[in-house]
Amino acid sequence: MSKQDAPTTGLCRHTNEAIFIRNANLCDDLIGKITFTEMIYFNLLGRRSSPAETAVLNAVLVTIMEHGITPSAIAARMIALSSPEALQAAVAAGILGVGSKFIGTIEDCARLLAEIIEAPEGTGPRAAAIVQRYREAKQLIPGFGHHLHRPDDPRSPVILDVARQNGVAGRYVDALLVLAKAVDEGAGRHITINATGAIGAVLSEIGIPLDSIRGIAVISRAAGLVAHIQEEQEKPMARFIWELAEERVGHTAG
Amino acid sequence: MSKQDAPTTGLCRHTNEAIFIRNANLCDDLIGKITFTEMIYFNLLGRRSSPAETAVLNAVLVTIMEHGITPSAIAARMIALSSPEALQAAVAAGILGVGSKFIGTIEDCARLLAEIIEAPEGTGPRAAAIVQRYREAKQLIPGFGHHLHRPDDPRSPVILDVARQNGVAGRYVDALLVLAKAVDEGAGRHITINATGAIGAVLSEIGIPLDSIRGIAVISRAAGLVAHIQEEQEKPMARFIWELAEERVGHTAG
Amino acid sequence: MSKQDAPTTGLCRHTNEAIFIRNANLCDDLIGKITFTEMIYFNLLGRRSSPAETAVLNAVLVTIMEHGITPSAIAARMIALSSPEALQAAVAAGILGVGSKFIGTIEDCARLLAEIIEAPEGTGPRAAAIVQRYREAKQLIPGFGHHLHRPDDPRSPVILDVARQNGVAGRYVDALLVLAKAVDEGAGRHITINATGAIGAVLSEIGIPLDSIRGIAVISRAAGLVAHIQEEQEKPMARFIWELAEERVGHTAG
Amino acid sequence: MSKQDAPTTGLCRHTNEAIFIRNANLCDDLIGKITFTEMIYFNLLGRRSSPAETAVLNAVLVTIMEHGITPSAIAARMIALSSPEALQAAVAAGILGVGSKFIGTIEDCARLLAEIIEAPEGTGPRAAAIVQRYREAKQLIPGFGHHLHRPDDPRSPVILDVARQNGVAGRYVDALLVLAKAVDEGAGRHITINATGAIGAVLSEIGIPLDSIRGIAVISRAAGLVAHIQEEQEKPMARFIWELAEERVGHTAG
């Protein structure tokens, strides 16, 4: 393959004297000039975020970061106990839990909203059809319901409000509300829009590509896991969890 | 073990109606009220950052995030090529590269600065002793020198300036400068303070615990890797790198 | 939840004096008595493998282990370069590449074979229907074709022969051959059964559950990656690959 | 860099018709001809193992594979719960726990044995000096003691017997026994040689490089984790462990 054929990254280039991220000079234009959240948006999308987009992205990143003793946090703490010399390994173990079952529903919900918006037959009929489809497959609709926060997830209205107050609540938020109505009707009772549903809508509003939505969750959770690992050093609890688990699901000899 | 003996996390607790992070109500006090960077600091340290601390943490997170085709980025892209359905796995593979050799030097440099500050014989003598120690071990001093940016890493003065302008450049930055003088004297020529050295100093200034310094780099790099994986979807280059590698270091049959 | 409700693992239990794996005493019955391959089978399935099943599992594990400079090997070497103190992290990064695109096709092919066997209309019609389905979706049929080994993958007949010689080639191997005929007819030319297709068939023959087929590949590749990391220590090439990649897809400033 | 300068892997090369691992033809010489354990040895060391070496390696791989509800198993099960679609991620999370604290002691013990063997002052004095060194640092000597198996780890004599019966117990096993004597004398009571100590000795006897010893443990544990993930699918317990942990170390709001 010749040099010309090689794809080249548009993310970063550097010379002896300077580093460029996208089209900006890291030292002149970015460090000390923009926030981490703005940098995440800029590096990912190749354009600067508006203050409204920054506000929404901040709200999402703040919401997802910390949820206590989650499967991800337990995994990270187990690895911190086993390999305390490798903090990065403990974080990596934890973020491997950002899969289909929990916050992966953000992406799944966002895909449903895109489907609703693009439906030629209109948003209401498509939302009803989606609800029907999931009911027939006996599956939960991603972005709805919560095993703990009943009847309503307290985070969802706050997240949607940030979008509204910043003027970026548009067709995805509308589609979410249409879907929510269909969900309630399909179930014959109220089912909450959960945080992952609200986040799926607002990340779509600010232009995060569907394929990177899960990435936003990964970034945020990585930050939360660093705090868990730090706490584990100051106030260890991984061994306690381990012994508890072994005592209850392990030792069966005797 | 009785309930009383159990260590409990101070990071998060929740009720049906509310989620608390540290002592703050997630929905009332945090979402829409603070930025992601402020949240990282708050969750990790248990106290709100000052605007100066936030500015320094932003500068660090912005600096580390993106460095082009690094070993971490290559690893992440290889996994994105192999397992495109699992974005979290690609990010995890990449952050496993935040180890001793590259940005792990941030932590190592910060530990040297702590040693210098605490030295009873004074900062200058300890700095000279450290230089001597590394020369005898034929090791590079963490935080100094750069294979590409010569004679000076352009990021370091910018990072230190952010700290100074925000009034948080204190004894760690002083220690770094004392060490830099000793490094130059020991080598008989100028060796740059690199970005990892400057970052080690300023993260210490804002109170990031030594054991979590690597974690800040992990968070920032996770964000950079998400952009690489997104770019890989739009403009693939992993297969090109793979074929290039196989052609050059692989196929030796004949 | 009461003690009685707790699920308990059937894999391992121990007392002060003994460790039991499944129903066997580790020290009395297993160490020095059975091979690693037999132990993998025993621990996974809960019953001892026959010599024939052991032979087939060995053949599969030997086949998958090493394929040179694969995306997995590149990822592992990049992490070994960055974090040489954490061999386990380099292996982990590499096995994250055992996803849908490459050896994940073993599992996908095995699922097709199960579908063919269970088809009420007979194996031939179902095989033809599968070929048609993939053609319409413009997707490759898992287990068929190879970008390098043309016209035939040399591993496939050897793997199938091991199964035949050990008397365990049955309905899954038959289904594979039926599918191969349909593939050739659908394409209008010969397309090879590749190694992943043959492996999908023979692992099904020896009773490896569909959900664990990918796990067999992970075990084998983990072993291959350890050799890559060892070679990387003796004869480094990760930095060479990195520089090659950066030179070709990276540096675009100037 | 010119083509000539490129390092090339000695592990694998392939042509359209054949794949070579080291100097052997995969299809003609290896598949169906050697076991997985022999293949691991061959690929790692570049030479065929003797039957004695194979027997010892099998004994080690069988011993390490499965230990019930370990931190690694808990981490793997948490990720299997979160990302059931990515078995490789669950295994990767688990093997990240093969670090310094638990089975990393195999490598640490092997390094001590190498130090003892090479000591110019003789094995006894060096063993005593090592015991003294660890006592002063208030650290446990790797390869000795066990929190559960008291007074003696039942695995160690079995592993050492396999080495003896196969005629490969030599200077490393001797060094281990010398060290064990010094450990008992230093403590004033009997402290068991644990499984990791015995394994460190016998892996050294069969020529596994110090830098790859941890890799043998990773391979074996990867196999054990696949069985845990399979069991998790048939008889889930990850959610039970999670809820147990959250109940005990989590929910502190009230």
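We call the chains A, B, C and D, going by the order they appear; numbering starts again at 1 in every chain.
Throughout what follows, a residue touches a chain if its C-beta (ideal position, glycine included) is under 8 Å from a C-beta of that chain, and two chains touch if they have at least 3 such contacts.
Model, not experiment: these values are computed from the prediction.
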Homomeric contact subunit B-subunit C: same or different residue positions, threshold half: same
Reference subunit D; chain at largest CA-centroid distance: A
Length of the line joining the C-alpha centres of subunit A and subunit B, rounded to whole Å: 22
Centroid spacing, where centroids are CA-atom means, of subunit B and subunit C in whole angstrom: 37
Computed distance of Cα centres, subunit D from subunit B, in Å: 31
Multi-partner residues of subunit A (each touching 2 or more other chains): 6-9, 12-14, 18, 68-69, 83, 85-86, 88-89, 92-93, 96-99, 237, 240, 244, 248-251
Subunit C residues within the subunit B interface of the complex: 68-72, 74-75, 78-79, 81-86, 89-90, 92-93, 96-102, 104, 237-238, 240-242, 244-246, 248-251
Contacting residues of subunit A [partner subunit C, same complex]: 3, 6-9, 12-15, 18, 20, 83, 85-86, 88-89, 92, 248-254
For the subunit A and subunit B complex, residues of the former touching the latter: 1, 6-14, 16-19, 21, 26-27, 30-32, 34-37, 39-40, 43-44, 55, 57-59, 61-63, 65-69, 86-89, 91-93, 95-99, 148-150, 154-155, 158-159, 161-162, 165, 209, 211-212, 214-216, 218-220, 222-224, 226-231, 233, 235-237, 240, 243-244
